[in-house]
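Here chain A shows up in two complexes: once beside chain B, once beside chain C.
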Partner chain A sequence: MSIEVKDVTFRYAPGTPLETTALEGISLSINKGDFVLISGAIGSGKSTLIRHLNGLLRPSSGQVTVDGIAAYGKKVKAKVGVLFQFPHQQLFGRTIFEDVAFGPRNFGLRNPELKRQVHDALEMLGLGQGICPTSPFSLSGGQKRLVAIAGVLASRPDYIVLDEPLSGLDAEHKKSLLSALQLLSSKGTSVVVVSHQVSDLLSVAQKIFLLDRGSLVFSGTPAEYAKHSPPSMPEINFLMKELRSRGFDVRDDVFGIDDAFSEITRVLGLKEAVEE
Partner chain B sequence: MNTLFFRYVPGNSFLHRLDPRVKITGMMIVSISIFMSSSLRQLASVALLFFLLLLFSSISPKIIFDAVRPMLLFLAVIFILQFFLMDGEPVFYIMGHDATYEGLRHGVLLILRFLFLLMFASLLTATTTPSLITAGMERMLRPLPLRKLGISSFDLATMVFLSLHFVPFLYGSFSHLRDAQISRGLDMRRNPLGAVYSLSVPMVRIAITSAEEVAVAMESRCYQGEHRSSLHILLLQKKDMAALISFSIMVLALV
Partner chain C sequence: MTMIDIRKLRYNYPDGTLALDSVDLHIARGELIVIAGRNGSGKSSLVRHMNALLLPSGGSVSVNGLCTSQKKHHPDIRRAVGMVFQEPDSQFIGMTVEEDIAFGPENLGLPSSRIRNLVDISVTTLGISGLRYLSPRSLSGGQKQKVAAAGVLAMEPQCIIFDEITSMLDPLSRQEILGAIRHIHSGGTTVIHVTHRLEEAVDADRLIIMDSGRIVADGLPRNVFMEYDLEGYGIEMPVMVKLSKMLASAGFSGRRLALTKEELLEDICQLR
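The block that comes next holds the complex of A and B.
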């Protein structure tokens, strides 16, 4: 059970003066339950790569398979739920329920399962069922984004691919979204997040793929990434490295506030005091 | 997302180097002749003219095809309506309507006219940057007494410039939206009416909000529509005049 990308190259406008190689010889695999971060600068090919994962784009050469079958057709789209950038612009339903139910209904789900899955998706993102009869256009920008994400989660795909889901969200909503994604990942759903905001995701991602001008330049764990690309590390990681360089026996592969807090309290022997 | 829809394609061909006013005038002449064409022979001459220009442009036919492709469904609908709703000698009968020879002939002529208009327009945009088209239009409109109507050639040129910029932008937004809805299981073939609803509602919102954002951004940078200097200084040269005269003669002779 995995998405396999094998030696994929993709060119836009082939055979014209506007021909651009967006991806060059990309190979990677995403396994069941993985929490993957795909990062890279603007124009590095991130969005083009995720369009291959559910067959919206077909590679110029190479192959993409989802659970052993070629990544084309509706069956694959039901398995791989993709949310693109600017999801708040994609809403169209008269009510939030209609909008979120659009995907699962297209994939053949009917009431009462449909209703349950829509409610579950909204609950998971902290929006609540009470929001269902509201028009999606009356929401704030961040809430619209969450409704669009709920629209993907409601189909319960095996793989969830989200393009820049954190941009435009405040700290509280970021935290609740990441918790929801972590929960899904722990239950066996693979989560792929495409983001510039590496520092927000290092504490939750298990694998990182870094793209540069269409090529895969790094593939590994967050700890390996910390050694590969130090400038994009979160501030908390610099603090832990500084403490370590000053003789404190803390881990330097810590990327989140919660992990750093428990590490520091452990080293200082304050754990018991904090718990008390 | 990379779209070829009515995009400028950088190059240094003969057509690229022509003064934009010559190309705009040529487009106007050929548009009139296309609408005046009433036979397949005349439209075949238009096709010949187009392929001749394509040779002078170094533009790949794929660019032209990509600009026309999104309109094919629309053209097919026009053809079917003509074929079935026009009175005349019946060819066959289906669902209470006669398909007629006259409908077939008119349908073919009509979609070919649209097709050639789109092809010439895409050739113009592929060989001329939007800013040059705007500068050319502004210079062409300047002698007209538009001030008496409360508008200036600069206002009109700015509107044309913005409209030209919005075509690829809106097409890009549409492609983006279509991908998003297809990812959520939208089947455009089986449920075309549902597709029209789920795509048109956000598209209308995107068009209106984007236009409003552009207007606010222009106002906040003190745009007032008065005389503005242009990046391009346009000078009609002998080769431009020669090209326009030769093209006009060819249109008159062929069409």
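The block that comes next holds the complex of A and C.
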């Protein structure tokens, strides 16, 4: 059970003067239950890549398979749920319930399962089922984004692909989204998050793929990523590296605040404070 | 001198939901203000009152002494206060970047030499001279934001509001646009920057925190970070501030609350 991307190259407008190579020789796999982060600058090919995972784009060469099937059929659409940037522009239902129920209903789900899956998705994201009768247009930007994500979760796909789901979310909503995704991944759903907010995701992702101008320039675990030291590393990591370069014996593969705290208190000989 | 004067402002959405509740706020010429708060706290509703995109359900908003509830003042108010939104795509009109930026000043009926001059100044300030003849739609997210900001700047507003314009950008584009905002501010323009990221507030004159339609904190960023439990308002503190606070509670006696990596590094080195 996995998504396999094999040697995929993709060109926009092939054979015309506007031909652009957006992806070049990309190979990677996403296994059952993986929590994957795909990162890279704007224009690096992240969004083009994920459009291959559910067959929205066909590679110019190479192949993409989902659980062994070529990624273009309707079967695959039910397996791979994708949410693009600006999801709030995709809201249209009269009520939040109608919006979230749209996907699963299209895949043939009916009440009472439909209702249950919609409620579960809203609960999981901390929105609560109480908001079902509300109009999605009365929500704030961040809440709209969560409702759109609930729409993907409610279909219960095997693979969830989210493009920049964290942007515009406040700390609280970020936390509920990340813990919902972690829970899903621990239960066997594969989660693929495309984001440049690497620092928010290093502590939850298991695998990181970094794209640069259409090529895969890094793939590995968060700890390996920290050693690789790209500019998008969390500031904490730069702090630790600079402390190290000034002769403090701290680890330099630290990127979370709690680890940084214990390292600094250790080298300064401070007592560890009671964590809240 | 107060430029934007907000008194007892209340705003209800058309469905009756209370979005702003008795907000008092006075903004002086030339300030650099960051407004933060969780989703739905009323930030966007508040700033949309500052150029009469929304009108108060109760209380008053005036800009340069002109009350927004009087329609005849709207042209003057909107000239004084420009706004750049999160999704620049929806704001482009011109075929080229230059045309797009010139659109605003053209509509003000300025002579063409003056328009050219304003476009020149705006593209230089935003560092996008190289993009002048490109189509705005062909640009990256960060470049688009800069073009949108240049278009507003070319109207020579006294105040520019940036409403969550950095939330879609990668770290590099974000740094560039933040640099451009600082540059605009150093030219004397009042800047109001709405964001979720408090790292972007460390060098502001004032940090305002909103929660449930009210202003709950308003002051120098360092003081706001020290005195308030911002996590309780659903906002993440800058990571260096958080670490600095954690270290302080473990007995680390830095000279101050560190706001940046450089400050914290300095404090730790001095205590070795």
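Operating definition for what follows: the second predicted complex is superposed on the first by the 232 of 276 C-alpha atoms of A that agree within 3 Å, B and C clash if a C-alpha of one lies under 4 Å from a C-alpha of the other, contacts with A are read in each partner's own complex, and residues count from 1 in each chain.
Everything that follows uses one rule, which is that a contact is a pair of C-beta atoms (placed from the backbone, for glycine too) under 8 Å apart; a residue touches a chain by one contact, two chains touch by 3 or more.
Computed from a predicted model, the values in this text were never measured in an experiment.
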| item | value |
| --- | --- |
| Which superposed partner A:Val217 touches (first chain B, second chain C, both, neither) | neither |
| Which superposed partner A:Ala70 touches (first chain B, second chain C, both, neither) | neither |
| First (chain B), second (chain C), both or neither touched by A:Thr265 | second |
| Chain B versus chain C, judged by how many residues of chain A each one touches | C |
| First (chain B), second (chain C), both or neither touched by A:Glu164 | second |
| First, second, both or neither for A:Leu183, with chain B first and chain C second | neither |
| Which of chain B and chain C A:Ile42 touches, first, second, both or neither | second |
| Set of chain A residues, in rising order, touched by both chain B and chain C | 86 |
| For the chain A and chain C complex, residues of the former touching the latter | 41-43, 85-86, 135, 138-143, 164, 167-174, 196, 199, 231-232, 234-236, 238-239, 242-243, 246, 248, 257, 260-261, 264-265, 268, 270-273 |
| Residue ranges of chain C touching chain A (in the complex, touch as defined) | 13, 15, 17, 37-40, 44, 86-87, 140-142, 164, 167-173, 196, 231, 234-236, 239-240, 242-243, 246-247, 249-252, 261, 264-265, 268-269, 271-272 |
| Touching residues on chain A, where the partner in the complex is chain B | 12-13, 15-18, 20, 22, 47, 51, 54, 56, 74, 77-78, 81-84, 86-87, 89-92, 102-103, 105-107, 137, 151-152, 155 |
| Sites on chain B touched by chain A in the complex | 1-2, 4, 7, 9-11, 60, 62-63, 66, 173, 176-177, 179-187, 197-199, 201-202, 205-206 |
